[in-house]
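These notes concern the structure reproduced below.
Chain naming follows the written order as A, B, C, D, E, F, G, H, I, J, K and L, and within any one chain the residues start at number 1.
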Amino acid sequence: MSTTKTPRTTAVGAAGAVRSTLDDQAKAQVQERLQPLLVDLLDLSLTAKQLHWNVVGPAFRPLHLQLDEVTDQYRLWADDVAERMTSVGISPDGRVQRVAGDSPADPAPASWTHQTEVVAAMSDRIEAVATATRQRLQGLGDVDVASEDLLIEILDGLEMQLWMFSAQQA
Amino acid sequence: MSTTKTPRTTAVGAAGAVRSTLDDQAKAQVQERLQPLLVDLLDLSLTAKQLHWNVVGPAFRPLHLQLDEVTDQYRLWADDVAERMTSVGISPDGRVQRVAGDSPADPAPASWTHQTEVVAAMSDRIEAVATATRQRLQGLGDVDVASEDLLIEILDGLEMQLWMFSAQQA
Amino acid sequence: MSTTKTPRTTAVGAAGAVRSTLDDQAKAQVQERLQPLLVDLLDLSLTAKQLHWNVVGPAFRPLHLQLDEVTDQYRLWADDVAERMTSVGISPDGRVQRVAGDSPADPAPASWTHQTEVVAAMSDRIEAVATATRQRLQGLGDVDVASEDLLIEILDGLEMQLWMFSAQQA
Amino acid sequence: MSTTKTPRTTAVGAAGAVRSTLDDQAKAQVQERLQPLLVDLLDLSLTAKQLHWNVVGPAFRPLHLQLDEVTDQYRLWADDVAERMTSVGISPDGRVQRVAGDSPADPAPASWTHQTEVVAAMSDRIEAVATATRQRLQGLGDVDVASEDLLIEILDGLEMQLWMFSAQQA
Amino acid sequence: MSTTKTPRTTAVGAAGAVRSTLDDQAKAQVQERLQPLLVDLLDLSLTAKQLHWNVVGPAFRPLHLQLDEVTDQYRLWADDVAERMTSVGISPDGRVQRVAGDSPADPAPASWTHQTEVVAAMSDRIEAVATATRQRLQGLGDVDVASEDLLIEILDGLEMQLWMFSAQQA
Amino acid sequence: MSTTKTPRTTAVGAAGAVRSTLDDQAKAQVQERLQPLLVDLLDLSLTAKQLHWNVVGPAFRPLHLQLDEVTDQYRLWADDVAERMTSVGISPDGRVQRVAGDSPADPAPASWTHQTEVVAAMSDRIEAVATATRQRLQGLGDVDVASEDLLIEILDGLEMQLWMFSAQQA
Amino acid sequence: MSTTKTPRTTAVGAAGAVRSTLDDQAKAQVQERLQPLLVDLLDLSLTAKQLHWNVVGPAFRPLHLQLDEVTDQYRLWADDVAERMTSVGISPDGRVQRVAGDSPADPAPASWTHQTEVVAAMSDRIEAVATATRQRLQGLGDVDVASEDLLIEILDGLEMQLWMFSAQQA
Amino acid sequence: MSTTKTPRTTAVGAAGAVRSTLDDQAKAQVQERLQPLLVDLLDLSLTAKQLHWNVVGPAFRPLHLQLDEVTDQYRLWADDVAERMTSVGISPDGRVQRVAGDSPADPAPASWTHQTEVVAAMSDRIEAVATATRQRLQGLGDVDVASEDLLIEILDGLEMQLWMFSAQQA
Amino acid sequence: MSTTKTPRTTAVGAAGAVRSTLDDQAKAQVQERLQPLLVDLLDLSLTAKQLHWNVVGPAFRPLHLQLDEVTDQYRLWADDVAERMTSVGISPDGRVQRVAGDSPADPAPASWTHQTEVVAAMSDRIEAVATATRQRLQGLGDVDVASEDLLIEILDGLEMQLWMFSAQQA
Amino acid sequence: MSTTKTPRTTAVGAAGAVRSTLDDQAKAQVQERLQPLLVDLLDLSLTAKQLHWNVVGPAFRPLHLQLDEVTDQYRLWADDVAERMTSVGISPDGRVQRVAGDSPADPAPASWTHQTEVVAAMSDRIEAVATATRQRLQGLGDVDVASEDLLIEILDGLEMQLWMFSAQQA
Amino acid sequence: MSTTKTPRTTAVGAAGAVRSTLDDQAKAQVQERLQPLLVDLLDLSLTAKQLHWNVVGPAFRPLHLQLDEVTDQYRLWADDVAERMTSVGISPDGRVQRVAGDSPADPAPASWTHQTEVVAAMSDRIEAVATATRQRLQGLGDVDVASEDLLIEILDGLEMQLWMFSAQQA
Amino acid sequence: MSTTKTPRTTAVGAAGAVRSTLDDQAKAQVQERLQPLLVDLLDLSLTAKQLHWNVVGPAFRPLHLQLDEVTDQYRLWADDVAERMTSVGISPDGRVQRVAGDSPADPAPASWTHQTEVVAAMSDRIEAVATATRQRLQGLGDVDVASEDLLIEILDGLEMQLWMFSAQQA
């Protein structure tokens, strides 16, 4: 077995690596909205997968499928958010330590979870991220319209998910 | 805006929720091999995405694509491992806190990373997980042949990735 | 044959059934723009189908196909509008009595219609709905950016249809 | 904005616009069976969509999907019925005023509807249309075998839907 | 170049080569309806192709496409008719001499044809075959219901084509 | 391993579970035609698979493929017949004991079978089922036209298979 | 109608018809494991279809779909098992009499079955076959590794199904 | 039934209807090579279909499929030849009377044909057309290289068919 | 060869040919933003193709592919911009003389170009167009929200391309 | 915003950059035929798009579609011609200044164009390029047969387009 | 024509070029099993193609197709074997001289071969490679389970092919 | 294990097995051009695969993919060449001994190869085969135009590959 280990990688110089059409102030404003959303979406993707595996109850099958679909959406949105950041010269941080550090402490139980709790947990978590996204949208259009458009699209999708989970609580 | 929050979800009773053809001792042995692999694969999927976004250098494009492909593989394998656990009545734990807690501290830099470092980082990390997978395979077939088969398939895939990254270091 | 008839269905309590990130005032403002657009689109879908069946003249074939395509668009847009309403907790009303009550009296003739009249009727009706959509967009962004985005997309599509029908009148 | 409005469209001469292999008496007999079925199917398509949007309850997801599928079937069947009419020289009437005028007054509630009521409402309405279709089939084969075949296909489909909704009432 | 020529092929014994669930009288009744329809459909396929190549006029493109589509239908229907014959043990005859001998003398002009004439020629020819198919359906169901069903389907398709061509004459 | 066994399942009340547009007498008449056909088709599907595996001889490959295709058809038709029964409120019985009890004793040999015998066995068995299907069609249209249509379609398919197998005996 | 019947088919000589890389003792050991599994899988495919048709209750739709999916898997696995037998020169026996004779007496009720009983019946039956498959795997690898691999794959699939049905009993 | 019949269509003026980059002499030379090839290909397509329906013998299935594939090729080539003619302003003549008049008298028997004769008949007919195509290629490139290229492609295809049929005579 | 030449085409009357929901002032404001963007995109599409053909260097293959992908995007965006203009009644001008006249003089070298220069040239040109697009977006939303939305989407795409090219310069 | 601009790119040494199997004289002869054809095709692609956007009249829809299809063909052919040049070591020049400089001054009007003029303009322009292509083919086969083959294919396609446009002038 | 020739390529240093999780002894044991299998599979792929082209006899068509399918399988398996070698750091050798040197002298005749001989030759050669694969599997699992799994899969496929060819010898 | 071995296959009589439209002299001339090309293409396919597996260096990934694509092309071309030979009655020889005997001794190294050498080796080998193909084209058109056309197509493809590899040497 090969034993040659490469020394720990280090980041390329903090600024200027990738060109941007935004000045530094605008970049900072975009970063403070998109970086936390990136963390939220990666966290949601892991939470939904966790419940996808652990849900039990008579509605196992439709929930199992629904949780897989929303996971796919979170992954696509996270990629879109991160690549919007790179497109204006901001380096995204999606490392697991960062996600764990910036996320709520109890996204989902560690074991089998009954369908009622699954629906409630997803509704609550999605509602929280949707509400935060609305707040992050404030003033974003003055800085970068393309980032604003992306957040609107994600907000729209999150609210559709909120409907589809909360309608099951009726 | 709705303010009714659902109380925190709690897990369904720890044992017996899902039927198993394995006895408790066998389940424990399977769990101690598959749970850490699940964590490794989720961590690898986040690490590869992080580098997919942050890689710079003349080989940006082929590496950007290659990192996306391996991310897809890690996600599929993580799902396979977790669902093999559920198939024998073991609840998988893929929550972000668990993944962060059980993973190495420095999978990837927080910012732009030069292609040489990207290739080295991926080669090292894949080699480590492949080596651990070989060790986890020891004796697994005596307990559960289906779990053994899954780990062999993942080992084969990881080693193919190891070839494809380390060949770029020549 | 079974004769057990179910008593008439009644709506679930008027408010709160589905969670919303909007307060009641905002919901009312969204509803007064999207509900009439939903009616317009359902009406357009029926009108276009009626002409799809009844058009005659040498240009029968291209018009027959074009009317089918726009019908598909109206159906998709109607679904988008209704599901944007549900996504913010508003119940959409797309029942045929509602559509008939809120639509203009003479969208299309009851029988065979010559191609010249078909083109004129579609151009007129689309122009009217596009104009109304521009008006409904006023101030909508202050209340709900995601609804605004949807109406912009529909406006864009309606105006493209207006071009494609009115260009045939040259 | 353009202000040139086209005068109201008028129908092409009532008879003879499109060739027919049926004589006038046969055409009348076909028309009195297919025109009301066309109305029923358009009404069902709007009713099912209304419930697709407004259903609530734990079975939200499977019902939401099922209602979308039957809507697609009603639209395809309505197109088939209307185009069978045109194929024998009869102009179909699918305008919203006609559909509203000829349909039952209360197909579905105007707002959120619980899943139990949704299943009952669909079962009742489908049963009524299936029963009417059986009656419309009487003697139709003596006049036009192709129309008869189409109604048999639709009857078969409606009864399959009746099974699938009423089986949920057990 | 090889010069060995095989002597002229001769048909296998006239009866019994392929099993049938019909007795000889029934086979004869089926044959006298389906064989001429086979000829009609092969002739229509050649006529429509001839016009597909020779049509001229401002509506060249939509007619060129429409004629190709109906050609495809004639070919599929001819195959269905011939294989229905074989399915009840009757040998179909679709040789070009047979088709030429049993078809009308002047299906289409030998050269460039203006679009108005193309539409008229197709409308006339389709109307004639549809009318003959209605006549061939008389009593066929008493002998073989599967053949009857096939002819109904073809009749339905021919009448839809008749609508689509004759609507262009308005 | 879990040892909790569920007590033996028992059927829901014999009548009325699923709504029907047919009265009881009509249901009985439909049942006595479709239930034996369901058994025939399930039996044919198992017979054809058995020969698909056991055929030997120079024509192994084309027969192996042909037997797979007819198996797929038998499965689809069996599903159609069973679901036509459910669509009119009749519970279908496709359990293996029922199929074995109602089928001929010797559909196929237990071991390797030469291609000549395979072709003969399939021709004989298909001819028998096609003949029975013709008899079951008698009077069925007076009771349920949709069931009649389904049997005609199956008859047509069986006779096409009969042609394709018996043509190999020439 | 043809009346020439072919005499009853008889099997080709019992041994040697198809080449094998296994000696006779090995073949016997493979046969005694794979033949009963083939019977189990064919029986499961018929049982799941029976319940697919007869299930009733509010979860009708997701169960109806799930039962269709597992039926497809049983059919594919049965084909794989039979063709592994042929690949080492063993003739598989999948005739309905054999399946009925070797299967448990009461796989499913003869009529409408409530969803709770459906889930329990499937969980029980799958658990039994999975347990038997684990036993059949003992020592199989010493005789034929390819047969072993196939049984591991089927075991893995059966246990995943067991999870998905038993999770609905929570 | 409509009784308005359109007077017999007549061809548009013989020359100049469609533009050409060839002068009249060149057009004549192209026409005398492509028109007979068009006839040959249409005749081959009808002959191959005739045999597709009437072939009997143990190799029924592979021949039945092979004849369908070559039919598709003849149809595509006929379309290519006719449209090469139109592309240089020559009107193609593919009417059935023309095809019957210019084709050999006995392309195929009128009834069931044994596989040996089918293979021989196809080999002979294809060899004849391939040989004629080689002759028609003489000097064609001096007049129109695009027509030459098309004939080479068809020659290549015909000779591949000749191989595939004549190889069965070994 | 035909010698009849058509006299030079002339444009249809300058105003009013196609209906618009915008007044003339608004149309002028839209036109002065979208017409230069149309020119930029057509020019970029030709520049990227030129480099796609002329790039040389070890990274030939990934750059060759990347340049083809961005060309496809420029073509789609140009079509979107031009059709947004037509949708509000403005005639787009994409003639080559216009594009050449309004574009920078030296988009790309006339011959083989080394990969380093290719990456630099694309980065520079994309950065210039992205910057201009940001400026054209100023105030556009006050006139036409749908045009604004289109420019945001194109800006987003251009900036993503800027990232992907400039990341190769690290 | 980044301000670092890269200095103007310059071409790699004029000769020898890419290997060729042709000597310099042959390369020059190929270049003088293919370079002007490349310009013609790029110009045609822009002209057809311009008319695709600006066409008006009752045949708007079929012409709009037809112009899009021919645009796609011009783009593919231009790519083929340029890549044939690169394949024999000749650098193609497709820059917009080159195309504008070498093309006729008035390919299409700057604004809305009536369908009659669109058809005439396309027919004239295609006829001119087809005629030039015939001339460029003279002697090309003596130098490079592969270039000759490509030009024949393009000529064939152009003449087919010429037919399809000029047939609309009848 | 370019005359600059590159000096003969030489291999990169024999060891360590690509990382491996196996030690040198294990690599040697894997290599001595996989390298000869790679040669066998490349040889089989060439042999099957040779017979695909040269087979003659009445069963030409099914054998021609079957030989193409097995060729595809040999190519895929060869790639899998070679890439398993690279995945553990072993360089595979698939050069034609190596394959010719290590293969049996007479895999297939040089010219036309009758179908009986083709079937026999394939059966013999496949049987030989399957037998060798069984031997190479001995002890392989102790060294590398992933290589073992690949060989089992290939063995399974070879034995299925052996069945399908040898069944034609009955 | 079966021990019955079939005696060595022998070729069917050397001449006349498959019909040809060429005389013997022409066949000989075709054979002396196509047989060596067949050998070249089979050798290239093995060489490119060898390098696909053994390439190392930073450009590993794009070269690994490119080598796979050209391998696919060589395989398709080899099949085309061999089947052109069979189409004129010539038996192709693609056995490994023939390929090894007629190919250059050192197409590729036996082990890991650096990317620079890979590009050089492929450029050299492709240039040699392309040059030989140009020579083989001399006079071929006088004997068989279809063979000539195939060689032109292959020459065109080889020269495109030559461009794509040699462009990486700049």
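Heads up, the rule we're going with is that contacts are C-beta pairs under 8 Å (C-beta built on N, C-alpha and C of every residue); 3 or more make two chains touch, one makes a residue touch a chain.
Just so it is clear, the model here is predicted, and its values are computed rather than measured.
A count of C-beta contacts for the chain pairs C-J and D-F puts D-F on top. Chain pair C-D has a twin interface among I-L, K-L or E-F; that twin, with over half of the contact pairs alike by residue number, is K-L.
Per-chain CA centroids place chain A at a distance of 44 Å from chain G. Each chain gets one centre point, the mean of its Cα atoms, and the points for chain A and chain H are 62 Å apart. If each chain is reduced to the centroid of its CA atoms, chain E and chain H end up 19 Å from each other.
Averaged C-alpha coordinates put the centre of chain C at 33 Å from the centre of chain I. Contacts with at least two other chains are made by residues 1-2, 12, 17-19, 21, 56, 59, 62, 83, 86, 89, 112, 114, 123, 127, 131, 149, 166-167, 170 of chain C. Contact residues of chain I toward chain J in the complex are 1-2, 5-6, 8-14, 17-18, 42-43, 46-47, 49-50, 53-54, 56, 75, 78-79, 82-83, 85-86, 91-101, 103, 105-114, 117-118, 120-121, 123-124, 127, 131, 166. Remark: chain H residues 59, 62-63, 65-66, 115, 164, 167-168, 170 touch chain K in the complex.
On the side of chain K, the complex with chain G involves touching residues 123, 127, 130-131, 134, 137, 148-149, 152-153, 155-156, 159-160, 162-163, 166-167, 170. The touching residues of chain J, when paired with chain C in their complex, are 55-62, 64, 112, 114. The touching residues of chain A, when paired with chain I in their complex, are 12, 17-19, 21, 83-84, 86-89, 145-146, 149-150.
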